[in-house]
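The data blocks that follow each hold one structure.
Shared chain: subunit A. Partners: subunit B in the first complex, subunit C in the second.
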Partner chain A sequence: MTDQAQGAAALSAVIADAASEIALALRGEGDPYALSRILRQEDALAPAAVRVLGADALAPYALDGHPGADGAGNADAAMVREALTAFPPTGDTSAVSAWSYHGLVEASRAFLPAHTTRWPSPPEPGDDWLDTEPWPRLSHRVSQLASLALPGLALDLTDRLAGRTEDLARGFVRAVRRRDWHQSAGLGRWLARLPQTPPTLGLDSGLRFVRQMSDDPRVAIHVTAAQRFFGRGR
Partner chain B sequence: MPMDRTVQPDTSALAAEVEDLMSAPEPDGVFRDSRECAGAALLLGLLLVSPPTPRPKTDTK
Partner chain C sequence: MTVTTPAPPALLHTVGDRALSWLDAHRDHFRLTEADLARGDTLVERLKPIGELAINMRMLFREGVAGGRQRARAGSLLDFAWRELLDGGGVLAMHQHNEPFSPVSLEIYAVFHELGYRHPGLEAALETPRRTATWQALEMAPTRRLGVLNAERRMGLTPSGDFAEALAATWLGRRPEPWTVHLHIAYDITHTVFHLTNWGENPEGIPAPLAEYLELYLPAWAADWAELEHWDLLGELLIVDACLPRPGLDGQLWEPYAAAQAESGAMPVHGRMPQGDPSDVFDIVHHPTLVAAFASAMATSRSLSAGGV
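Our next item is the complex of A and B:
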């Protein structure tokens, strides 16, 4: 295995481990959640994992009655800040990456308000594609931004996506038929949040099916977030 | 050999991996639109059940 492939596999493993813990915390199981408890601060891959997970790294903080970080809030804020500093958006950054960065900053402000870290102020990410992309490509991109489907986050994006609910519903069906569980779960999470998702879509049973078919921990995060935050897929 | 994960990895390579993981292209696959398939099946069916093209008789008695 080349060094690059080994590095990518190691990063994927760190992300998968963290995602498993996040899904567990969203289900209300395990120890009280703290980002600094599921990722080792001295692990050189931890900031990269936080950047890839985006706002989902702080998703358990959005739960009602979250017991708090048990003194770990400062450490969590430091980890997020390190991720934001190490992997800022650049000129070559994709729209998904720019939106994800924006979402992580927004989540940090919302869910770690007591930690007065000076969060960066990223530029507004481009949003032309929200109106112009054909539905299959829109669905793929939106599924990659599923971490932003959290209570109180990305409200403008949610409003814009509400106008394309039907396209996302088509994308959900397409993704399930292609057995693309990651895309199915991401779209299902967004559709759980959108107010006008057609009841004929069968979103609840669709989400349960996706959860049953996939053992990917990031799929588990999306399905569990749809259940816990938006009451769908139970 | 297991990696020492406390050693700082090459930042630019790691940034590229992060970007790849966040913006991975959609896996290849063939997707056929149901309505297009239904239209094609209907057309094929109509062609199969249609009567033969009328032609003038060639053997005159």
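Our next item is the complex of A and C:
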């Protein structure tokens, strides 16, 4: 394996471990959640892992009555800030990555309000594709933004996506048919949040099916988020 | 909101024109041999393509769907099927005599009956079996039941069952989770639509809730099978699309479909054209090629009537 491939494999492993812990916390199991408990701050890969997980790094904070692990807020805020500083959006950043960055900033403000200072203020990410992309490409992109489907987050984006609910339902059907569980779960999570998801889609059994078929911890996050925050797929 | 670009009518039309040329050039492969006629089970197998040929040619023969040249070609193939392949209906009457409680003869005859071809002996022989309780009790897939009822209706006979009940028993009639659709379910869906619309003749025959369901999810199924290069099923899904109140006629689906067609006009089932003995190749590709002619004529007609020239 090349150094680059080894690095990518190591990062994937760190992300998968963290994702398993996040899914566990969303189910209300395990110790009280703290990002600084599931990722070691001194781990060189931690900032990249947080950047990839995006707002989901803080998803358990969105649970009702989340107690916040003792004193974790400071350490968690520091970890997120480090990730935001290390991987800022640049001119070459894809729209998905810019949105995900934006989502992490938004989640930090919403869920770590005691640490309001020094969060970056990135420019609004490009959004014209939300209206113009045909449904297959739209679905692919939106599924990659599933971490933004959290209570109180990305409200404008949610409104815009509501206008394309049927297209996302098509994307869900195709993604399940193709056994693309990551895309299926990401779209399922958004569809759980959107108010007009067609009843004929069978989203609840669809989410349960996707969860059964995949052992990917990030799929587990999406399905559990759909269950806990939006009451679907239980 | 859906962002799709419809295929140009010329592309839609060309697929069918080429498919019809191939079918016309290979018409002799539809012929029944003495051996086929001698064995009942083989006969049913060999009648199936003739029934499909008839259904598809009747569709092309309909006023206002195909161009004049296509219509003439379709008419000549129908004549050929009735007179030469079925011996003026004699083959169907013989099969009906051998298998009086099988609906096969009725299903094939109904197509010709609608076009004015007649075999009074067969019609008389169908009467008694149709009045038995067993005719209504015959076990068959719900979609086929719908087809038998439709065949009776087309012949002006009192249908042997309730159409709405039969529809409710089909997969599509229940509108289940669209992400569970696999190959066989997809064919059940297309055939339910064929019977509901009398092979595309009455698009309004699809009840509104089912039409809405299809408009919503058909693009997802079609995109997937286009990517899998399953041209036979994609062709049937394109027919269903052309039967909908607001057909998509999506260029993203029609372009790869048209590109898959062989130079000869034949359409492969899946992937590329098979190689080998011409009669073996015919057995494999006649169905997708008939479907291509049908899909093309339906889509062209809808494209032109929607003012998409």
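One rule holds in what follows: the second predicted complex is superposed on the first by the 232 of 234 C-alpha atoms of A that agree within 3 Å, B and C clash if a C-alpha of one lies under 4 Å from a C-alpha of the other, contacts with A are read in each partner's own complex, and residues count from 1 in each chain.
Note that a residue touches a chain if its C-beta (ideal position, glycine included) is under 8 Å from a C-beta of that chain, and two chains touch if they have at least 3 such contacts.
Here the structure is a predicted model, which is why all the values come from computation and not from measurement.
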Q: Check subunit A with both subunit B and subunit C modelled on it and let me know: fit or clash.
A: clash
Q: Go through the superposed model and pick first if A:51 touches only subunit B, second if only subunit C, both, or neither.
A: first
Q.
A:229 in the overlay: touching subunit B, subunit C, both, or neither? Say first, second, both or neither.
A. neither
Q: Using the touch definition from the top, say if A:206 reaches subunit B (first), subunit C (second), both or neither.
A: second
Q.
Contact-wise, after the overlay, does A:177 reach subunit B, subunit C, both or neither (first, second, both, neither)?
A. both
Q. Now for A:86: first (subunit B), second (subunit C), both, or neither, which partner does it touch?
A. first
Q: Kindly classify A:167 by the partners it touches after superposition: subunit B alone (first), subunit C alone (second), both, or neither?
A: second
Q: Quick one: classify A:131 as touching subunit B (first), subunit C (second), both or neither.
A: second
Q) Of the partners subunit B and subunit C, which touch A:12 in the superposed model: first, second, both, neither? A) first
**Q.** Clash-bearing segment of subunit C relative to subunit B, given 150-158, 204-212, 222-230 or 276-284
**A.** 222-230
Q) Can you list the residues of subunit A that meet both subunit B and subunit C? A) 136, 174, 177-178
Q.
If we count contacts the way the header does, which residues on subunit A are in touch with subunit C in the complex?
A. 131-136, 163-164, 166-167, 169-174, 176-178, 184, 198, 200-202, 205-206, 209
Q. Can you list the residues on subunit B that touch subunit A in the complex?
A. 3, 5-9, 11, 13-15, 17-24, 26-27, 29, 31
Q: Please name which positions on subunit C make contact with subunit A in the complex.
A: 1-4, 175-181, 213, 216-217, 219-221, 223-224, 252
Q) In their shared complex, at which residues does subunit A touch subunit B? A) 4, 6-8, 10-12, 14-15, 42-45, 48, 51-52, 54, 86-87, 92-94, 96-97, 100, 136, 140, 144, 174, 177-178, 180, 183
